[in-house]
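Lettered A, B, C and D in written order, each chain numbered from 1.
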Amino acid sequence: MRQQLFEFVLQLADTSLVLGHRLSEWCGHGPVLEQDLAMANIALDLLGETRSLYQYAAVLEGQGRTEDDLAYLRPATAYRNPLLVEQPNGDFAHTVVRQFLFDNYHYHLLLALKDSPDAPLAGIAEKSVKEAAYHLKWSSEWLIRLGDGTAESRQRLDKALATLWRYAAELTTPTATEAALQDLGLVPDYGALAPAMQAHAAHVLAEATVPTPQFAPFAQRGGKGGQHSEHLGYLLAELQYMQRAYPGLTW
Amino acid sequence: MRQQLFEFVLQLADTSLVLGHRLSEWCGHGPVLEQDLAMANIALDLLGETRSLYQYAAVLEGQGRTEDDLAYLRPATAYRNPLLVEQPNGDFAHTVVRQFLFDNYHYHLLLALKDSPDAPLAGIAEKSVKEAAYHLKWSSEWLIRLGDGTAESRQRLDKALATLWRYAAELTTPTATEAALQDLGLVPDYGALAPAMQAHAAHVLAEATVPTPQFAPFAQRGGKGGQHSEHLGYLLAELQYMQRAYPGLTW
Amino acid sequence: METLEKDLSRDDQFQARIDADVRIEPKDWMPDAYRKTLIRQISQHAHSEIVGMLPEGNWITRAPSLKRKAILLAKVQDEAGHGLYLYSAAETLGASRDQMLADLHSGKAKYSSIFNYPTLSWADMGCVGWLVDGAAILNQVPLCRTSYGPYARAMVRVCKEESFHQRQGFEIMQTLCAGAPVQKEMAQEALNRWWWPTLMMFGPKDSESPNTEQSMKWRIKRFTNDELRQKFVDMMVPQAEFLGLTVPDEKAQWNEARQAYDFGEVDWNEFWSVVKGNGLCNHDRLQARVQAHEEGAWVLEAALAHAAKRAAREAVAA
Amino acid sequence: METLEKDLSRDDQFQARIDADVRIEPKDWMPDAYRKTLIRQISQHAHSEIVGMLPEGNWITRAPSLKRKAILLAKVQDEAGHGLYLYSAAETLGASRDQMLADLHSGKAKYSSIFNYPTLSWADMGCVGWLVDGAAILNQVPLCRTSYGPYARAMVRVCKEESFHQRQGFEIMQTLCAGAPVQKEMAQEALNRWWWPTLMMFGPKDSESPNTEQSMKWRIKRFTNDELRQKFVDMMVPQAEFLGLTVPDEKAQWNEARQAYDFGEVDWNEFWSVVKGNGLCNHDRLQARVQAHEEGAWVLEAALAHAAKRAAREAVAA
């Protein structure tokens, strides 16, 4: 059980780290200063959550590894983030759609996780759920603006939805580890999260005047099992460069 | 003298490695299959030259370092390539202009270097100059096609020239090391290369119907002294990742 | 009625040439179905070479030594070359490269599904060479004797280079397996990912492969999918053992009675799902090709415009 | 004649308020030259914050620990915030953000030349915090008492955060200097590159700085360039010594008679060359800003279009 919880916490940590990394790539290059700030802010929240999760994972593992060991010294095939979050930024519409799909899952997951009988995990969720609520508000509002904005923004949004929707299902498709933890009641039943997630998505898409995308037969998964897209390797080469180049030092 | 020759050979090796890396980024993404092949071919030639140069540099240094140690285990600030070759690929016009500026220098340098009294260096130059002649032919022909092609190709070429011409002067501006080796007659006087280089550039630009760009006051230099643009760090993070992540292994 | 008999007789004559192992050449008469089948197969093969540049191209900039980088770059360059002469072979049948590319980009034409799997570690460069090229060679060696001349001659060259590539891939695996524990783990992890997809490279089971019979009759194909798959397993299981690796299939055991390896059932759901576009990389691969083509269009236009200008100038000068 | 006298008297009154250290507020009358000088200075300052995000943003994805990554990201975010409230301060003088950005993108408006130097190693994050923010604070602390109210209040907040950033930068340097030899070398190498450019941050020599007198009279400026540069050297040379580093200037020696550090001559050719656009990163920095602006234009348009649609719907509903 401890091993499974370790794996699950690691999966969450990898997910926040990778998405935070992607958002931080926008820093200094955002479409307007206010949104540059907003994305840096979300990246910072995710990074904070990442650190708490890795620290807890390190405790669960009990092998003396640190948060930095876990983040910087594992190869791509050991990373457990779902495919969605490693997808490149693309244009702002891609970033917004990726964020919306993640936030809708992340917020509802944390909302349930904060009642987990595992106190440390519940504590992290309790702290992060407030931030996640703000993230979901931000990405929902932007999805609406882009959908119900100009012809160009709508076209870009449609393309982003067509590209990214296929990665949504993996978020709530339990791995064997997640299923085992769900049976133990440590992790919420994803099926139980679905109505609230679907209701929110339906509301936002309706406001955005966008029909719900249908990509069921093309749902992509693999990342949570270590089967990633080729994008992750480049991301990690950059993220891990310093720790790889100068092993064992203090910064 | 041996130390200076080591530095010079290292500078040439870094230069070929970095430009070859840039060209190889096109592999599988070239504008047409034939040019994909041509760029891979040039990249391969440059990589071959790189290896000969690093191997010779390692001998000159006499510290037991290998070609891979020299390529994979030095930070950006220790790299000695001129700024031109680390500039990103941009569109095909940028790649062609970067290549033309480099080839025009590289070919004429090797042509003179093959008469260097330093036998190993002369040997490397002798082998590479034939390849460099082909490279210069390729980039010259493409510069002409783009300049005297369509309105769009001309516009893209002009933009590439405006962006990259400022990096040309560094190639033939001797560093203290180069000047010392020139005094010793081991390295050709760059001033003596200038007429042939200028004549070739003038001929190609005329065929391309492009006026010679004038950017003298904005000539950029620094790379040969270790002052790079921020592009090099990312390139090296990728290039060096495996050796950094798994130090000391055989592949 | 006369025409029909004449056609029948042409068909018979054609088949007689095939049966006598006489090569069909571009100018020879051939049945439409033969031509279409060949165009589909050769262009698909050409597309596979071009798309196949991407998973290996993905590691050129990150190769762990300069020597490996040079070998890998040369290999990917060879694949571009294979693509070029396969497109040329298809052109001898009346297909145009533009149309073949348009079919690739629209999703109408296929390429080998194996390239819809990602390359995630350096060991994948070993597995792609050793297993993927190994399977390709088994598929392709019989094609050196295929009935259509230009295709057969192209395949002779392709197979020669492929077997060189395959040895390089095996050598990468050998080096990893003789290296540090972390390298051997990397090799095993890659084998785990690539084993089943390479078994799929031989196509559906014979019972699900309706075209096999006609293709064999035309000597475009000389072995069935299942025959080749068995041959592959029989070849690779001992090689994996030699490397000290384990193929991820508990059923892969020597069968003394059959004098062959038994092996488990391929996940055909996954096979069809990837064929239909749902592999991890289908979208990215096609996107990369389409993008290269669209973003490169102006280059080709410029080259054509310049050639036309030059020709006009030379005409005036003459 | 009467108007002129009235204006003169307004000018006198204005100067009298300045001399009495009374804050000028947006609705107060002010001379055109004062307004223009302030708009130029504040917008330049805002641009510097925004362009200044780039050299540090360059290391966010490569920060060597999660903690340092979080600190750096927060710092760059603060800079975006500074940019925002400095643009607001300039807007109180009648400048529009659109116009200020257009001037930045066309090259008409300047930003601090220090950001035209590249960040090449992690130690640069230390030097930028320690030296660049250190120099900025010396330039900016007097601005907390500057005569124009909104600017002065913005600077109070900016300076508070900057001094926090400066301490973080120094801490990076301390960690490097207390670390492995390779880390200390990295710190020294970065100091060698940043030392002289930071001395240039105080602007040209007083004898070459014609605007200083008027700016001091208006209390937009309170110390001369050379005074601040001396103050900086006097502060930083001992800090470098404390770190065990050597500033790259043999002339940097304590002068007992002056009770100050002597130091060498700044390379003013380099200074003017970078100001004129010839720094290593001028082109890339401006390009990055222009590109973000151009590629982001559709986002702003969409937001405005949506707001208009929503307002129209609400008007109908009301």
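We take it that contacts are C-beta pairs under 8 Å (C-beta built on N, C-alpha and C of every residue); 3 or more make two chains touch, one makes a residue touch a chain.
Fair warning: this is a prediction, and the values are worked out from it, not measured in the lab.
Both chain A and chain D are touched by B. The greater number of contacting C-beta pairs, out of the two interfaces B-D and B-C, is seen for B-C.
Distance between chain B and chain C, defined via averaged C-alpha coordinates, is recorded as 35 Å. Mean C-alpha positions place chain C and chain D at a centre distance of 58 Å. Chain B has its Cα centroid 41 Å from the Cα centroid of chain A. Shared interface positions of chain B, i.e. residues touching 2 or more other chains, are given as 75, 237-238, 241. Within chain D, contacts with two or more other chains are made by residues 62.
Judged by the touch criterion defined above, the protein chains form a pattern that is neither an open path, a ring nor a star, and not fully connected either. Interfaces, counted as pairs of touching chains, are A-B, A-C, A-D, B-C, B-D. If you check the complex, the residues on chain B that touch chain C are 17, 21, 24-25, 27-37, 40-41, 43-44, 47-48, 50-51, 54, 67-68, 71-72, 91-92, 144-146, 148-150, 152-153, 156, 238-239, 241-243, 246, 249-251.
Listing the residues of chain A that touch chain B in their complex gives 75, 234, 237-238, 240-241, 244-245, 247.
Residues 50, 53-54, 57, 60-70, 73-74, 76-77, 80-81, 83-84, 87, 122, 172, 175-176, 179-180, 182-183, 288, 291-292, 295-303, 305-306, 309-310 of chain C are the ones touching chain B in the complex. Here chain A touches chain C in the complex through residues 75-77, 83, 163, 166, 217-220, 222, 227-230, 232-233, 237, going by the rule given at the top.
Of all residues in chain C, those touching chain A in their complex are 55, 58, 62, 118-121, 186, 189, 193, 276-278, 280-281, 283-284.
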